[in-house]
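Mind looking over this structure? Questions follow.
In order of appearance the chains are A, B, C and D, and numbering begins at 1 in each one.
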Amino acid sequence: MYHSLIIMVIVVKYFASISDAIGKASEKINIQPGVTADDVWSDVSKDIKYTGKVMVAVNHEYVDMNYLLQDHDEIAFFPPVTGG
Amino acid sequence: MYHSLIIMVIVVKYFASISDAIGKASEKINIQPGVTADDVWSDVSKDIKYTGKVMVAVNHEYVDMNYLLQDHDEIAFFPPVTGG
Amino acid sequence: MYIEIINEEFDPWQKLVEYKRSQLKERTNIGACSVFLGTMRDINSGDTIKSMELQHYPDMTESYLEKIIDSSTKKFKIIDSIVLHRVGLVTPSDPIVLVATWSEHRDEAFEATRQIMESLKSEAPFWKKESTDKGFRWVEPETNQTDNNSEV
Amino acid sequence: MYIEIINEEFDPWQKLVEYKRSQLKERTNIGACSVFLGTMRDINSGDTIKSMELQHYPDMTESYLEKIIDSSTKKFKIIDSIVLHRVGLVTPSDPIVLVATWSEHRDEAFEATRQIMESLKSEAPFWKKESTDKGFRWVEPETNQTDNNSEV
């Protein structure tokens, strides 16, 4: 199919315990149209055992796991925040 | 009667609008045993028209108008407080 | 605990810096500090206020502030606290009252500072006399002040 | 409004003095200021904490703090506000967060500062990693944090 040739680039960032578990702070990955935040998480976390709650933000806004990614999006995965 | 000869001395203080109305900040007065805060107020305010709410404190504690005065008490009359 | 009645303009934050330096240096169990600062506004009840005279009842003021702080300290597990209150002639934007409390957790400090301010406003013997274009007038108490205050 | 993420030890009261000098001099409509300061405690969950690493998500942090302040400013008629938050390595008794709001009347400032702190704790992307005798550990969120946070 024609549109399966479309490749989008996104930046994925990790923080706190999730960054520790994955072993990096950020990476660029290629995705195809139709990919959700949940799809990205399943992919990047497939080799780790992370059982805690995962928060997800796209372009610095909290989103839910059904969020449909766009080209050049910055997606971030992190545990619940503990500042202040 | 013998005990009607007992004279006690108290200090009376006035603040804010009550001090303005009475025209002084404090005075010493002589009273007899059995005199209440209300009796003192009736006496000191007999020549003024003060219609506002009157607070009363004896020895720096809020009391009610039935308070029975003792020798050397310091009684104060003032309007509701407005600090802060 | 520190209470001061101040008869001249003061810098509230500078006072906090100095107090913290002298008293709180080693208190590593403190996690929260809540501060309230009341300053003079140049408008009240629709009129421009040029200046204000803050009267108080010496001795009763100090003992009442102590009572108010003691009560909040026990109720909210306060580690330390200060109350500073201005008296005398104040002009717009002058600091009038500073309340600060220190505690382990934030709920305690937030609630203690608030309660100290509310008690101070309804119980501590201070009175404000405003100077307006129409002359002097004594400030009326807030309407939510309790009616049975004299019987506390 | 002023927001700053600070990567070194800071004196919160000095920051307030400086901000007040530069920004708030002529605001004679201000009657109230409420300040909250959070500092590092040397004990958490029963263990001695030697130091703590404060991580954050640059860019999202600033934009989220701005969002939190905007919301409280509108809700509580806030005249001005500042939020300072420490990142990097902190040791016991170090200031971590300062929130200050200025308003005409005290209720507004009290409530705005409180709401900003609660929102900051549950939404702003900061994380604490403690160093204890048993090693490093990430701090768990407060239990009252909302469950649907990711869907906000």
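Things to note:
Note that in this section contacts are C-beta pairs under 8 Å (C-beta built on N, C-alpha and C of every residue); 3 or more make two chains touch, one makes a residue touch a chain.
Please read all numbers here as calculations on a predicted model, not as lab measurements.
In summary, no chain was found to touch both subunit B and subunit C. Subunit A and subunit C have centres, each the mean of its CA atoms, that are 50 Å apart. Chain geometry summary: the mean Cα position of subunit A and that of subunit B are 75 Å apart. Taking each chain's centre as the average of its CA atoms, subunit C and subunit D sit 24 Å apart. Looking at subunit C, residues 38, 117 sit in touch with two or more other chains.
Subunit B has no residue in contact with two or more other chains. Chain pairs that touch one another: A-D, B-C, C-D. Of all the residues in subunit C, the ones that touch subunit D in their complex are 11, 13-14, 16-17, 20, 25-43, 92-93, 104, 106, 109-110, 114, 117. Across the interface of their complex, subunit D is touched by residues 13, 15-17, 20, 54-57, 60, 62-65, 76, 78-84 of subunit A.
Contact residues on subunit C toward subunit B in their complex (touch as defined above): 38, 54-57, 59-60, 63-64, 85, 96-97, 117, 120-129, 138-142, 145, 149-152.
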